[in-house]
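Okay, so subunit A shows up in both of these, paired with subunit B first and subunit C after.
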Partner chain A sequence: MGIGDTFDRLCRPFEGPNTIGNTRRFWIGFVVVVLALLGYPIGFGGYAASSAALYLLYAILGLSLSIIWGYTGILSFGQVVFFGIAGYSFALISMNLSSTLTTMLALPISVAVATIASLVLGYFMFYGEVRDVYVTILTLVVSIVMNTFMAQTAGSEWTVGSVALGGFNGIPAIPSLTFSVGDASVVLDGSSFYWFTLIALLVVYLGLRALVNGRFGYTMVATREDEDRTEMLGYDVRRIKLLVFGLGGALAGFAGVLYATWGNYVSPSVFGITFASIPVVWVAVGGRRSLLGAVVATVVIEWFRQQLSATGSQYAMVIVGAVLLLAILFVPEGVIPRLNVALLNVRDRSETTPDSPDGTPE
Partner chain B sequence: MNPLNLLFLFADNFAFIVLSAVGLAVIFGMMGVINLGHGEFIMIGAYGTTLSANAGVPLPLAMVIGVLVTAVMGFVLERTIIRRLYDRLLDSMVATWAIGLILTQGVRIALGNSIPQISTPLGTIAYGEFSYSTYRVVLSVVALAVLAGLYVLFTRTEFGIRARATIQDPDTARALGVDTDRMYTSTFVIGSALAGLTGALYAPTLTVVPGMGSSFLVEAFVAVVIGGPSVLLGTTLSGGLLGVIDALFTNLYGTFFGQIAMLLTAIVVIRLLSNGLTGLVEDVRNRMEGE
Partner chain C sequence: MTATDTATDTDSTEESQTALDAAGRQSPPVAATGPGTDTLLQTSGLTKRFGGFTAIDNVDFSVDEGQLRCLIGPNGAGKSTLLKLITGRHDATSGAIYYDGEDIADLRPNDRVDLGIGMKFQVPSVFDELTAYENMRLSVQRTHGDDNLDEAILDGLKRIDLAERATTPAGELSHGQQGRLEIGMAAALEPDLLLLDEPVAGLSLEERREVADLVTELNGDGIAFIVIEHDIDFVAEIADEVTVLHGGQVFREGSIEDIRADDEVRRIYLGGE
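Right after this comes the complex of A and B.
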């Protein structure tokens, strides 16, 4: 059992009461799925991989909301704000200073801009003791105002350096992500962009699993369950919320940069009221207290929306709205945690001895 | 700038903010539920009015139809969905948001992206070299009338006393024989009807399209946020404050900066006064009584 024990030990930092999937069986399945996803571009080609990369980068956006809403109890409609801000700043930086080095540097700078934006907004909200519903409203209003602002930047006075913000039409021809060392450079598109996004998603997912199952994650969950009690126990609730909001802003910003380089395009619709609501749908349907649920629901819902809009159907948003409503009413904990409990029950019944505590759901 | 023009601009903004917010504020203040589908309720009111007017119904009657349609919709939604979520506030926001998504896209599928519009009635008032739409003056009067009507309803009637008892202490109210379930339903229907009224009143002045609800959201949400917990006083005060700010900035720099200024006002007010403007008023009142 030497290999098995090593495997278990490797998985341990990512296991705990705040995530589902803490069994060896889960991790074996996880590795199989990751290997299959890595092989996807080889089997289906660069074009298919490039389409699929969009779902993966959206999943990072979904995860950013999952930690804020699901784990810390702050419902934000503003994740798309940081997504969009990072996308726009990447466009402005990389197009103004078009060299491979600056394209590479534009990624961390844009993520930093989005993080700072989220920290500033978060400071005013959490240190102003803004309560639950007010946070949701404010983030939504910020998103609407950003949409209005960007949509009216069509005139020539709205030019940053040599790049016009373009108003309603947005900014086209944003360069792809390029990594260069010396003379050698790699442009990420098609399959390579897919692999980059997949690995980024993997790192974010595992990192967040370690986070929510660690000390800080416990204080996040404590804040969600009872703010006053957590404060009485000596934790600075405002700081916890601000840090989580900043981390969420950084992740959303990272996803935003990936988005801008994916389609080489960014427009005010990323701040639009429809797009603002989509991360909430992913997280609510997949399971707000489950990182895996957010990822799976994001990929499935986006794939479904893509399929429907490809056939020219207008019913996508009606169905998405109905699914969201049904999920809130009948599966409030989310689809994936519900499935997990069902699976565990089936297994418990088939095995006479009850399973070890590693099978406990969150 | 002519001071009379500025006054008209202020009255216009005040009416828009108060009417945008009042339906949302009644539901939030009385029940703690934020109706994120508020904009779409307004849209339904506007569609009810425009479609009826296009079918040959006189405009005032068409507006009544718009209000009734929205009220009935609010009744059905409260009975089937909202009441399951009273103890889950964030979930009720998401659910009402989902309702909004379904309504917007549903109307778009059923009626297309545009319908024939109705024109603004009542002509204009001319003074000196300026002229101003009479209908917009009427709207300001209606906004004040709505606030006055709600004041009377909630302070001077049997229903209002029962409703306020329900908010203050549902258990005691129930023990004293108040049907709290019915109070919640009625409050939600009143809030929906007010949203419908807003849609009906603005239908002749705006382009009625499925996505029109979002153009009311900034004003409505900001007004509720800075108004604080007391519905009537909060809506009136924030309508006044935001009306001035919006009128000034829109006048000086354009519509978009009016919005930005309102957003910044909201953030600053919330940072300084956690209970909004009504909290400030109560503080001042307590201090004066203390002395």
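Right after this comes the complex of A and C.
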């Protein structure tokens, strides 16, 4: 009983009405899944782990949209902008100052650059009273502009320090993340990169669970539900939206750095309209108002997309589009929240049946 | 603060406000609210134009501390617009709104709430998808730390007789309960002035009674009120003072007896606008 209580107490900061999975049963399952994921590279080897790491870093990108769109009600197509900006920043910083120390520093600096970019864009949108669909359009336009701009940087004049931006071809040979203490250094690739990304995803997921179930999380939800009403409770909704947008930018930027070091490559396609719309699909299918939904849907859809592409199918995006359409039509709240409700109903039924042997019909 | 200090303050305010302010509005030289006066809120030459239509026309209107002032008038008289100007939902075309000694006309709505002005909208506007508890939490967490948050939220709900409905989504509460929840949320912000836009419209007699009791109780705690209401019996029950708006201007002010006895007021209500 003592262990159970301690377990419950440890879980409590991450529980609340703004997330699904607030039972001991959920957390036990959660721990089992995390342990299984930690063991994945041991069972399947470094190559499989490396492929899977891509889905995990995408999940961080998915979470960045979940808090902005699902929790605060701002549909942004711009998450890839901060993802790409951080990826390019990491490439430029780490390749210009190539030493293990600068590779370590390049990570936080690149995330900071992406965060500042999101705060600047957010400031002009939210303090300029841009609302609703206009935010969506604006963020989409910014990603298209970035895509077009970076694609035309093929000329030799587009060189930052010793690194050419490379136009449509992008920047190859970006160093992997390397952590060093004294003479010892660890290069993150294969399994180690997978573990790093998995733990990062875990920290981000739990951190966001604590956030959305806390004071600030309530104000995010209130802002989503009714901005004018929220203002009449004394909250500065412009500030709330800006802070969430900045946090989303930071998370997307972090994912972008992971992406650039994962494939040692970044190109303008990260700003492209296809990639810009994919996070919206993940979050819509998984469940806008569910952090877990965003993670699960991202991993499943990306795994699926990868399998189709690997077999040479050209239809991956068509099928993903169809999945989005079906989800919007039949499970508008998202697949994971729907499954959660179904599971809770099953549990309630199995728990109430022994108590009422007469089988009182509902 | 001594009387001399107050006088000096007022003098300096006068000097600075005869000039055009940042928004280009000419603020009349009065600052009759704040320390040393009983006046909590004072509008001065307040005007709001929508295109060619003047909804609020040069209105001087005031509320004393702890006073319950009802605002009546025919449809289109500008009552709701006046409240929206005070809360900052609309920006004034010209004129000033003094609250507790400062001109708040350029402040954002949330900053005015922070100063102590609360509002209940005409249509109950609670957060439909959140439970009554979560609605109340959003308000109570502005004034309470984490230690006694839960207790304070339940106290807030008890005050409006909704403690039993804590886990009900606000959208599933009755019209009257939603109205009470909204007033309760505004009151939980510990305001000095509460603005209510038709708090009993569409309510049953019993629900009306509950709202009247709640308003009287809060008023007894020292909260001043501006209440827009068409129901003259309700007004008679709660009001200290009544202001009649007509065509965007203050038409009459006085006690409910005076207003009821006024033939002119009866005329504008019964037609011939």
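As a convention for this text, the second predicted complex is superposed on the first by the 352 of 362 C-alpha atoms of A that agree within 3 Å, B and C clash if a C-alpha of one lies under 4 Å from a C-alpha of the other, contacts with A are read in each partner's own complex, and residues count from 1 in each chain.
Criterion: a residue touches a chain if its C-beta (ideal position, glycine included) is under 8 Å from a C-beta of that chain, and two chains touch if they have at least 3 such contacts.
Keep in mind that what you see is a predicted model, and the values were worked out from it rather than measured.
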- Message: Once chain A of both complexes is superposed, is A:D228 in touch with subunit B (first), subunit C (second), both, or neither?
- Response: second
- Touched partner set for A:G321, first subunit B, second subunit C, both or neither: first
- Query: Once the shared chain is lined up, is A:V346 touching subunit B (first), subunit C (second), both, or neither of them?
  - Reply: neither
- Item | First (subunit B), second (subunit C), both or neither touched by A:V31 | neither
- Message: Output the subunit A positions appearing in both contact lists, the one against subunit B and the one against subunit C.
- Response: none
- Show which residues of subunit A lie in contact with subunit B when the two form their complex. 69, 73, 75, 124-125, 127-134, 136-138, 140-142, 144-145, 148-149, 152, 273-274, 277, 280-281, 284, 314-315, 317-318, 320-322, 324-325, 328-329, 332
- Task: Using the touch rule from the top, collect the residues of subunit C that touch subunit A in their complex.
- Result: 87, 89, 108-111, 113-114, 118-119, 121, 125-131, 134, 137-139, 141-142, 146, 185-186, 189
- Query: Touching subunit C in the complex: which residues of subunit A?
  - Reply: 17, 215, 218-219, 221-222, 225-226, 228-237
- Message: Could you list, by residue number, the parts of subunit B that touch subunit A in their complex?
- Response: 28, 32, 34, 36, 81, 84-85, 88-91, 93-95, 97-102, 104-106, 108-109, 214, 217-218, 221-222, 224-225, 256, 259-260, 263, 266-267, 270-272, 274
